[in-house]
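Here come two complexes built around chain A, the first alongside chain B, the second alongside chain C.
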Partner chain A sequence: MKGAPFSFLRLGLVAQNTLREAVRQRLLHLFVGLALALVLGARGLRDFNFGAPELKFLADCGFGAMTLFGSALTIAATAQLFFSELENRTALTLLAKPVWRAEFLLGKLLGVALLTALFCALLTGLLAAVLWVREGELMALDPEGFRGGRAVSYAMVALGGSLQWLRLVVLAAFTLLVASFARTQVFAVVCGFGVLVICHLQHLAQEAYTRAGSAVGVALGGFLGGMFPNFQVLSLADSLDAADLPSLATWARLTAYGLGWAVAAGLLAVLSFRRREI
Partner chain B sequence: MAPALETRGLVKDFPVGLRGVKLRAVDHLDLTVPAGVIYGLLGPNGSGKSTTIKALLGLVTPSAGECRIFGRPSGEVAARREVGYLPEAPYFYRHLTGRELVGFYGRMCGLGRRELAGRVETVVAQVGMTGAADRAVETYSKGMLQRIGLAQALVHDPRLLILDEPTAGVDPVGSAAMADLIRGLRDAGKTVLLTSHLLGQMEALCDRVAILDRGRLVAEGTVAELTGGAGRQQLEVDRLDEAQVTELRAWLAARGCGLHGVAAGGRGLDAVFLERVGRDRAGGKEA
Partner chain C sequence: MKSRLGLAVVVCAGLGLAGQVLAPLVAEPWRERREREPALRLEPGVAAAGQGVTLALLGGFRALVADAAWIQMYARWERRDLAGTEAFARLVTTVDPRPVYFWLNAARILAYDFPAWRIEAAGGYDAVPAAVQRAVNEAQAAAALEVLGAARRRHPESVDLWVEEANIHLNRRGDPLAAAAAYREAWARPRAPYYVARLRAEVLRRAGRRAEALAWLREVHPALPAGDPGAGAEVVLQRIRELEAELGVPAGEVYRPGR
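Coming up: the complex of A and B.
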């Protein structure tokens, strides 16, 4: 009898099934709906721009919606899609087949990664459309101000969307890592949000500890830096200017940084799930 | 030829509470299931049947001992190629249709696209679900879930089937149809490991049974061996009065035989039910 080597086909089938299940969940529809509403309605919030240029404000709203609702969607989807397999005992039937646990778990991760890719693509496309239309209106009102042509770099918008996606994939991998040993879905969700906060704010903590000169603080900052990715690294999208477009090498480095963390967390999740009793 | 299933000294402990006190679910279980039989695993709730099955499928790690499937350690992923499993009270992906569900599991078992379509049709027909195969699983009744569950267990044509309470919650018609299906599988050369609380059905269906209690094997053998019916027969005759029974007893004694019991005859309620309700409902016409 032949062995049963690791199969990317089976992994892909689990991912496809996970995606199909995810797009039917009402909670996820809610997050997507809210995010779309915020991007589309951003023009109505122009009075709250705190002096920022209007197009920059619109872009901030769009990326903010992606971060806020994308993170909630990622954490909820990862925890729910994983625990529903255990609680409904569909994992029992699946893992009784000639399927590696790594195929199951990484398939789940890939399914959520595809879901977040669709989410980011949808919102980035919508944001680009909103910016394009508003920029056209502003150009008509003030041709002198746009003498050099359009000011917004849509390549930067696309890059911003792809970096948002990388963050969400890393977040999904960390949530799955917690879920792989957690007993309850609520625990995994709470830890997922904890990871999100640490990843977003750890650079501030490190700066504060360094300024204060506390050895314990610096050690703690170093520990956080070693255990969690710094999402500030994946934040090049503050500018919409084509002059700030990073080089291909920088883009590749950022992708490697994000995917590297996601793969590391995914592999740890596989290790933790390997002997979990179903 | 290696037995279909074998456990040697199988022990499974579960830690309970923070102190890590261990609850022993399976206690030094030695079991051998020969190929080509219907083998019943009996026992009260908590006797270790489901844990034994999970250990056989690699879903829990034994604390001690070993499990083998056709001679191969059951912890190996490849060993599960030979196994089809229907869990107790199965719950499947609700968003898929019955046909998609069986196809999904078929692909997970390594069937290619060309081979898959034919196999799906075959097993869906085999379990009498052709008419409902394109409906979403969430619309299925309990009996239909059990049948589509059996189809997914059969799709990759395994040599061994493990069916955990396949008739739990199913009406007598569906239950009888499931029993016919299981006999058909045995006749086709498959080995079937079966658990059920319906002792009458197990008695009629199984070639061999093992009885577990508190994780231990307390009896094992053919049904006839265990019930003491190996050298006995039942005859059904017209009603006899007391004098006639005495006369029959004397007649048998003169030939070296004994009369071990006299009971009222009849077909039994299950036979009447099946006749009146109709077995053809189980053939895929259930709504």
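Coming up: the complex of A and C.
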């Protein structure tokens, strides 16, 4: 795109269009519906709860729904939105105009990031509402147990939602990185789930290699581990107690970590996409 | 082909560089989290757990997975499957170490059910020699105390864990002094119920440490609110009087409330 400088406006337009297209997808409705049903229906699962306090159990179900359905949604939507542009030839038409490939790809990433932000905000809000209502009921039943007022830290719930979103953005960036060179959508989706597993469990693999004492294994584990983010770090909001709220510095570090990985994977996706023949 | 290989090398190098730059940002919170969460370390329970832990770690449904594993544990408990019951009980506390309930009940199963099953499997209480029964009880109590010790690292302020430890010392190991020490620890925790203090005194009295029991009750009594029936201030005072009578405490040295 000689002559036309990089434009955030065009990037924003691609993002807007991506978001608009994403919200029309039936797959999105399915995942959102399932996640909402699980958050709302978590109260029905209370009979299966033995150990955790009820409110913690509800929060676990909510964040679990966000992780599971959010990850599936992110991977599927990213791959689908990218490949539909290639298969329908709309990418070809678009890139024939003064639009950078970087604008196109980062616009896609931003669009998916907005989509996941809406998803996380919706579920976090719903989870907070479910917790608020149930906590109110429990307070009425047992005023002695809530002498100090409400026990749930809603700031912690919001933090949990924001960390979930960071994870999904990183996952979207990695899926887009794979999609930038993949030939088929299925390959990108499968690799996306592979990345999800690696990012969650890589620390265990590294520890296993270290314990096995294999120098090759340790080197391989360290090499692979260094190339993927650790998603377990972004699950710090594991409590509903205000006392466990991480400091502002920790929160800033976690945000920088998540966004840093998303930017790195996004830029590498641009680099890869620039060499792709469409 | 050469170009694709070059691109792969550049992408890998770029990701590796990003990892090197970003990992130090979260080194401290990650270290703290791993210390708190056994499921994030490669402990035997995690390694053996397979799909359950993987699902819990991936999906975030830790409470649900732990509950499902607890039901699985009960299925094995009903069959008196020692290895299966213990494996699942340890798995549950590894996947979700937050509820004290799991730790307490895992310890109770180890301390009370397992010895009975083992002795019955060996021929029953009439056939198994008393020395063997004692050894079984001791071994199972030690396993239960180990579980409670691990639980306390996660829940240092839990009264219930110390009370359970005291009960195991008392009922399974027949060691009232160790039980008294555990009751003292329970009493030192925030929101400890009043009965813990009375139990400690009673255990000391039964162990023949009447003077120690009296000193303990004298120490505790001023802290008991008079208007709270649960505190049992009157009962404690009555026991103080009984112990003073048993020990022949001179009239001038008897305990006087409020002084």
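Keep this in mind: the second predicted complex is superposed on the first by the 272 of 278 C-alpha atoms of A that agree within 3 Å, B and C clash if a C-alpha of one lies under 4 Å from a C-alpha of the other, contacts with A are read in each partner's own complex, and residues count from 1 in each chain.
Note that in this section contacts are C-beta pairs under 8 Å (C-beta built on N, C-alpha and C of every residue); 3 or more make two chains touch, one makes a residue touch a chain.
On a predicted model such as this, the values are computed, not experimentally measured, just so you know.
Trainee: When the two structures are superposed on chain A, do chain B and chain C clash or fit side by side?
Mentor: fit
Trainee: Considering only touches as defined above, state whether A:Arg275 meets chain B (first), chain C (second), both or neither.
Mentor: Both partners, chain B and chain C.
Trainee: Could you read off the angle at the CA centre of chain A, spanning the centres of chain B and chain C, to the nearest 10°?
Mentor: For this superposition the angle at chain A equals 170 degrees.
Trainee: Identify the partner contact of A:Leu13: answer first if only chain B is touched, second if only chain C is, both if each is, neither if none is.
Mentor: The answer is first: A:Leu13 touches chain B but not chain C.
Trainee: Under the stated touch criterion, which partner chain does A:Ala96 make contact with: chain B (first), chain C (second), both, or neither?
Mentor: So A:Ala96 only meets chain B here.
Trainee: Taking the superposition as given, does A:Arg24 touch the first partner, chain B, the second, chain C, both, or neither?
Mentor: first
Trainee: Of the partners chain B and chain C, which touch A:Asp241 in the superposed model: first, second, both, neither?
Mentor: A:Asp241 sits against neither chain B nor chain C.
Trainee: Of chain B and chain C, which one touches more residues of chain A?
Mentor: On the superposition, C touches more of the residues of chain A.
Trainee: For the overlay built on chain A, what is the smallest gap between any CA atom of chain B and any CA atom of chain C, in Å?
Mentor: Closest C-alpha pair between chain B and chain C: 8 Å.
Trainee: On chain A, which stretch or stretches are contacted by chain B in one complex as well as by chain C in the other?
Mentor: After superposing on chain A, chain A residues 275 contact both chain B and chain C.
Trainee: Which part of chain A faces chain C closely enough to touch in the complex?
Mentor: 45, 48-53, 56-57, 60-61, 63-64, 66-68, 177, 181, 196-197, 200-201, 203-204, 207-208, 211, 223, 225-230, 232-233, 235-236, 238, 246, 250, 253-254, 256-257, 260-261, 264-265, 267-268, 271-272, 275
Trainee: Inside the complex, what are the residues of chain B that reach chain A?
Mentor: It is residues 54, 57-61, 72, 76-78, 80-83, 85, 87, 90-93, 95-96, 104-105, 107-110, 149, 152, 162 of chain B that touch chain A.
Trainee: Help me check something: in the complex, which residues belonging to chain A touch chain B?
Mentor: 1-4, 7, 9-10, 13, 17, 20-21, 24, 88-90, 92-100, 275, 277-278
Trainee: Using the touch definition from the top, list the residues of chain C that touch chain A in their complex.
Mentor: Within the complex, chain C touches chain A at residues 3-4, 7, 10-12, 14-23, 25-26, 28-30, 33-34, 37, 40-42, 46-47, 54, 57-64, 66-68, 70-71, 92, 96, 98-102.
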